[in-house]
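Taking it in order: structure first as structure tokens, then the write-up.
Chain naming follows the written order as A, B, C, D and E, and within any one chain the residues start at number 1.
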Amino acid sequence: MNEILTPAIDWAMVGPILTLTVTACVVLLVAATPARRGPLPFILTLAGLGAATGSLLALWERSVHQSAFGNMLVMDRAALYMGGIVLFSALLSVLLSRQYLERVPAPAAEYYALLLLAAMGMLVMASSNNLLVIFMGLEIFSVALYVLSGITRDWLRSLEAALKYFLLGAFSTGFILYGMAFIYGATGSLDLLACCRQARDLLAGQGDSGMALVLLLGLALMIAGLAFKVAAVPFHWWVPDVYEGSPTPVTAFMAVGTKGVAFLVLLRLVTTTFGDVLVAQWTMVLAVLALLSMFVGNLVALVQRNIKRMLAFSSVAHAGYLLVAVAAGTDLGTSAMLFYFAAYMLTTLGAFGVASLVAETTEKGDQGYGMERYAGLSRSNPGLALAMSVFMLSLTGVPPLAGFVGKYFIFQAALQRGLEGSRIFLVLSVVGILLSVVSAAYYLRVIVTMYMVNPEGERPRVVTAPDTGFAIAVAALGLFYLGLYPTAVYDMTRSLHTTLQALAALWLG
Amino acid sequence: MPLVSYISLSAVLFVIGVMGVLLKRNVLTIFMSIELMLNAVNVALAAFARHHGGLDGQIFVFFVMAVAAAEAAVGLAIFIAIFRLKQTTDVTEINLMRW
Amino acid sequence: MDAAMLKEIGEIVVRMLIIFTAVFTGVGYMTLVERRVSAWMQDRLGPNRVGPQGLLQPLADGLKHLMKEDVTPPGAHRMVFILAPIMVLIPAVLSFAVIPIAGDAINLQDLGLPWDWQIKPFIADVSVGLLILLGLASLEVYGVVLAGWSSGSKYPAMGALRSTAQMISYELALGLAILPVVLTTGSLRLQTIAEAQAGTWFGFVPHWNVFIHPFGFLFLLISIFAENKRLPFDLPEAEPELVAGYHTEYSAMKFVMFYMTEYSAMIANAALMVTLFFGGWQVPGLVLPQPWMFLVQAGAFAAKTFFFLFLFVWVRWTLPRFRYDQLMNLGWKVLLELAFINLLVVAMLVAAGVM
Amino acid sequence: MSFLHLIWLIPILPFAGFVINGLLGKRFLPRPVVSGIACLAVLASLVLAVGAIRDLHDEQGLADMLNNGTALSALGVRPSADGFGAVLGPTDPDRGLVLEASIPRARQIQWLWLSVGSVSVKWAYSLDPLSAIMLLVVLGVGFLIHVYSIGYMAHDEGFARFFAYLNLFMAMMLVLIMADNFLVMFVGWEGVGLCSYLLIGFNYREMFNPARHQSCADAGRKAFIVNRMGDFGFMLGMLLILVTFGSLDFGQVFRGVHALAEAPGSQSLLTAMALLLFVGAIGKSAQIPLFVWLPDAMAGPTPVSALIHAATMVTAGVYMVCRCAALFAAAPLALTVVAVVGGMTALLAAAIACTQTDIKKVLAYSTVSQLGYMFLAAGVGAFSFAIFHVMTHAFFKALLFLGAGSVIHALAGEQDIRRMGRLTRALPWTFGTFAVAAVAIAGIPPFAGFFSKDSILAAVFFEQPILWGAGAFTAGLTAFYIWRLVFLTFLSTDRVEKERRGHLHESPWSMLAPLVILAFLATVGGFLGVPAFLAESVPGLHAAAEWLPGYLEPVFRDARVAGTGMGALGFHGQAAVHGGVTAAGEWGLMALSVLLAVAGIAWAWLLHGRGGELAARMAAGLGSGYRLVRDRFRIDELYDRIILKPFYFMCRAADAFDRFVIDLMVNTVAIATEITGHVLKLFQTGSVRAYALSMFIGVVALLAFLVMS
Amino acid sequence: MSLDTILASGASIAAIFSALMVVWQRSAVISALFLVLNLGSVAILFLTLGGEFLAAVQVLVYAGAIMVLFLFVIMLLNPAPLKERFASGPVVTGLTFALGVLFFASLMRGVMSLAGAGGTMASVGESYGSTRSVGELLFTAYLYPFELAGVLLLVAMVGAVVLARRQAPGED
């Protein structure tokens, strides 16, 4: 029996991921005790998320590039940034959940555990440069989210959401996997950077020329799969139904986390692996996806009367804006995308948080996501209405809120590409801004309803628990902070592009 | 068999799987078709691994199986739960949420 | 087709002949043994009329079933109904393909036959034999499920559901119980595992795995009882509740196939236990020239296997039947955990260099 | 320490008022306190602004400040070669006060807002003559309207909310005015839009247009969305500027414009920038084709109409164009577009105003028309005249609205001028001040409107004679419709409904005082910009000769340099520049415009002053009035046929054009968008299989595109 | 033709046939059976590709566990066989097929480029794909994803329990 060399493990590197996993296990153990009914799972979850955030910050301080397990775990700044967003959104989502779980029939402890594990999967996906690990991370959080979306299992809507999400998710997994297989086939490696090197050689005419087409197949299928996760048209179909049916805090977390890490992987794919090969192809594809997403998302959101569906379509539209930035492929685009995402996170979590509060539970499931339920909210709950207005205005892109600054960055990047001669980006920026005008109509409808429509009958005061209120307030104030002092975060995102590039450079020599 | 035969076979299986997803009505059959797709991917991965002479592809297959197992567990649980409420496995009858 | 290839095929055929003949004979007589031993335990005679001591009874049974009317119930799914018993039998029989019955190969010339053919003591030399064995065991479930489903009636369906659940549940414990052996031996090849058990401690304690992994053996034993749906775990076909479980609707040859399956699986599992924990064909300290060595080892293997077969029958009339929830609880809440802890402890010991 | 250090407080104070009143107003503060806080906040800002402007022109003080180093990081700045002196010191601080010498301009940098690579955008304010004038106008008029609102809103349950919004509006408007770069301006730009929306929908419970089931809330939404359409242009223009010049600072951008204008082939880029910005201005300042929101905006309380939709916010577009004078001057084509759009809007809106029966709608269209004038001025390069008109317009239009508000207040909400009349006795003060404003807007010397309008017309005459024709005709129409309003409202016959008559009363002092002050301003405001030739020939006016254009001259100096000679009209000696035209020509033009105004008033009197028989006959049509016509007014028949009918036809046509073409156009776009949304929504069938199929179509398309190409 | 090629060809044909039958059959149980056949054929393909461990795992995990679970659930739910083979009408079905053909054509265009000299199999040693070699890789280079697989299965387990558990009275 020959000796197997056990790999050395840098425990600090896996710290955030490990913390989440261990916390989830502890929460699951608590679920087996009578304490499951108490606040213990909630507190443990918060503590775990806090600890994970702490170890993430420690990693941030430690170094710019750090990797373990042969680049399978790459805790570069980009990963840490997106990981931070994931953890933060998980934190807010947990804060939103406690009150929500009190009135819906769902097992709380398991809920928290799955949420933690989903966050863990997202972290894994965000912090990897390896196709296999990306896939594993993707599956971990996807499976957890399939369950979470159906966790109120006595409600048909919830289960229907789970079913749709599951079937379509598994379907898209098939494509993404096939894409990975082809990329592996063409390059002989699962490591994105090694793939990158190989891809360059291939397209430079070295090696087997037949593999170039296989590489293209892989790229196409992977983009399709990731487009599903980021909810870009025409892969967005699951979004409205799943967002509507899932428990609202889950929806919020799902909308942010899934999209975030998928976008990061997309960035890694197009900026590092295909950063200088097949550029024309993926740029065009992403641009078209962006165009479609903005168009369909905004227009359909316009005619929605259910707030969750409206937010769902709006999230499709926002995927479009984000894709514009990714498609730009420049450092401006990358940093704009990452910055916009921070703003998107706060608004999404906040808006869904308010939605979860305003809704009410009946036997058949959550009711009251109709717009009419917001009538008179400004008088029954002025604070809540104000916060919701802030979220809506930020989504509209009204300065000085974060949403505006983000849009500004994105369209700056796009227009720059446009002026450099890429006509599609001119179209993208014009259409994008024009459609964000359209978006004002439906975001404003919420504000109009809250402030200017009289409720039919008595509008009961919505009870807001302190933790929920805290989460919403944090989101709202965060939007002001990001809008007025975006420099700190933006500088961070600026450095991330260099990180992504530098990683490739480091590897390629 | 040469590589191209294996990959062609994988493509055929994959397309059949896709067709199954698109054409069938029963959630269980749809899910089986998805398994068919994963299986096709596995063939491609193993063949590519053999082509390159590395084991990465085979390892990947191993993980795909693990994933398939996980998905099956959760998916079937969802089917059971939904069947309990609605007594159907016909996806065309599951469209409460639309528009 | 050249001579070498012909020879290879010939060798395989002979191997198969030897082993499958042994198995089918074993199956046939196992039915007799069971009835006789049962009778003996219950202080009665059992079948003793056909041939001396009833030795021809299996033959007579076979003939009887061949001539019986083969009924297919109207609600059945015909194709699957026919397929099910075949699907259940094949994996059970196939499992013998990887079990070694002796140490070294023998040459047919040693037996005085004219062919210079090396006959290996197993049909297929597979390096992942144990996995194949487990895989085949899990495939057995199909036949059961399909039998229950295709019969189109309630009792079979219930029986099939029960047995499926039971088999799936105990497969895990079974796998975990085996793993410590794999861990210390470092191979999944059954012949390697058997060979590794050569020698003795202190000159008289055989170097068998059962002494190293007593708990593993215990868990395996329990799991195998459950896997085979033998009493005290015969819930799927518990006659007071389910008539005869998943094969209620079967008759004639198809029924025989289920019957054969049960016994061949029993034998296979017994052989597995022997191979893994009782040195397989090992007879400590025995050195003989071929072909005697081969024959004695095969005999020893058969004897050890028979001991376990006897144990099956013995237990059948000793222990009462479990309740279904007790069975599941035992499987999931006790056995699985214990087997896992066992594996963990062994792994730690291996890592610490103790084993 | 000087007032210049405190300019950051100018927007903050009203904002603080907003926060206090918004949070505590409704539940904890009594009404006097609420209104006190709101008014005092604006007053304090006004004081600060006056102080800062004084300090800005206190050369000795500035020199002292520079020498003593009192300024946080005051840097001596030499005038740059191109006359646009914004050369910053060696280190560009993220905070601090920067003084420029060539233009009296102080810039205060609050913090580094955004920094994208080499591009950094600071949250910075600047104070120069242009923003000074706007500050004084906005704060002055704003303060008066705050005071007025105390009385007007006294009985409204949303008292605190109203003042909070009003204060927020002031804050945003001040940010807009004082912004030192496009982005900060955009913050104010959007902010005022938001406040406008909130205030239009203030009485959200009421149906604003029962016939179309349009509530006030809908009107507010319409305003906001139409404004967003304009913002689309603004945003794109801003981004285009950013990626072209790598900066959004006004100073740097305009320097960049000069550099770029020299380069060949840059015209299209400059034109694109200017036009996109102008799209923003069109939205905000309600020009063709985006003016549809402004008449609807009258759903808001009248003080809001006065402040936001007449005096201040809607002029933001004009202000922005003037602020970007250098850019527009460098893009002659864009400038022409501005002029044409302005001229057409002025004419069209004035014509529509002639047909309106709602007192506020008349004023709304009048506002659109007057804004058109301002753009006309800007479009011919007479930026300082545009600002001059902004100022005078603020005075008289605010006055008109407040007067109208007073009337509405007195009549308990009645807005239809067909049910007014003979109010002079009941509302003497209101009538008096309203009449002053009407004279001013009609362009009768020496009231404020006369000077500004006449300056504009003169400038246009030299640059775009055809548009001058439209402008002059509009002047006549203006006089007509405003006096039609006066006659129908205050004079003519008494048509007030009986139940409202008992309610009739003159407004409280808090409402009247602002009226009087504004009336004074509307009377004398024009003397800030008396044309040179006039000033020279009239004794005692010499000092006032073109004071305002002269004051603004440094700001627009480079617009003249970069342009093609246009813009020269903005200050002293326009006759000298257009050497061929003598003072006599100017006298002639002035006389003509006065004549037009008088004619308009006379005409209004003819039609409506005598009890409206003629108008009634017009409305009744020829059939019913046939005998009258034949028997007693034979001459009237002729008059009818050749003048009245075509005139009314034109006005009605304009109205119809508004309703059926422009409104329809805007609505069609909106409805088409909505229908597209509905159609797209139908694809969301809820069926997983359909979703999977659609996804697959996407995959196939993607694959086919990538692999097959 | 070597034995491997014969084996592979046979398995390929069986795989394609069984895959077609999975889609073609009306009854879920029969479909599942054909899927098992398909998995078995693929296991043989793995063998011909040198993936001996893989083949075993394929049978053990896929056929032995996953598909049994499937059958189990199918029996539990016992859906009636459907009347029509495909859920859509002829037009949509036709469209779907057309799309499938287009998709296949696109795939094949890429795949066919492998037919050249580059599409050869590397020569590999005896230990290629053996349990030991795969196992060693799993516990060294692929330790991290291996652990992740554990987490994934945990998630799936918890999820399945949460979703499928019948709610006991008085439980949250």
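Before moving on, here are some points about what is shown:
Keep in mind that, in the parts below, contacts are C-beta pairs under 8 Å (C-beta built on N, C-alpha and C of every residue); 3 or more make two chains touch, one makes a residue touch a chain.
These numbers come from a predicted model, not from an experiment.
The chains other than chain E, linked only through touching, come apart as A, B, D | C.
Common neighbours of chain A and chain B (chains touching each): D, E. Shared contact partners of chain A and chain C, listed by label: E.
Per-pair counts of C-beta contacts peak for the chains B-E. Of all chains present, the one whose mean CA position sits nearest the global mean of protein CA atoms is A. For the pair chain B and chain E, the distance between C-alpha centroids works out to 6 Å. Taking the mean of the C-alpha atoms as each chain's centre, chain C and chain E sit 29 Å apart. For the pair chain B and chain D, the distance between C-alpha centroids works out to 64 Å.
Chain C and chain D have Cα centroids separated by 94 Å.
The multi-chain contact residues of chain A, meaning those touching 2 or more other chains, are 132, 136, 139, 143, 146-147, 150, 153-154, 162-164, 167, 171, 182, 213, 216-217, 240-241.
Looking at chain C, no residue sits in touch with two or more other chains. Looking at chain D, one finds that residues 681, 684, 686, 688-689, 692-693, 696-697, 699, 703, 707 touch two or more other chains. Here, these are the chain pairs in contact: A-B, A-D, A-E, B-D, B-E, C-E, D-E. Those residues of chain E that touch chain C in the shared complex are 27, 29-30, 33, 36, 52-53, 55-57, 59-60, 63-65, 67-69, 71-72, 75-76, 78, 130-131. Chain E makes touch with chain B in their complex at residues 4-5, 8-9, 12, 15-16, 19-20, 22-23, 28, 31-32, 35, 38-39, 42, 45-46, 48-51, 53-54, 57-58, 61-62, 65-66, 69-70, 73-74, 76-77, 79, 82, 84-88, 93, 96-97, 99-100, 103-104, 107-108, 111-112, 114-115, 119-124, 128-129, 133-134, 137-138, 142, 145, 149, 152-153, 155-157, 159-164, 166.
Only residues 77, 79-80, 83, 126-128, 131-132, 134-139, 141-142, 145-146, 148-149, 157, 160-161, 164-165, 168, 171, 188 of chain C touch chain E when the two sit together in their complex. Touching chain A in their complex are the following residues of chain E: 106-107, 109-111, 113-119, 136, 139-145, 148-149, 151-152, 154-156, 158-163, 167, 171-172.
If you check the complex, the residues on chain A that touch chain E are 4-7, 21, 24-25, 28, 36-37, 68-70, 72-73, 105-108, 110, 113-114, 117-118, 120-121, 124, 130, 132-133, 136-137, 139-140, 143-144, 146-147, 150-151, 153-154, 162, 182, 207-214, 216-217.
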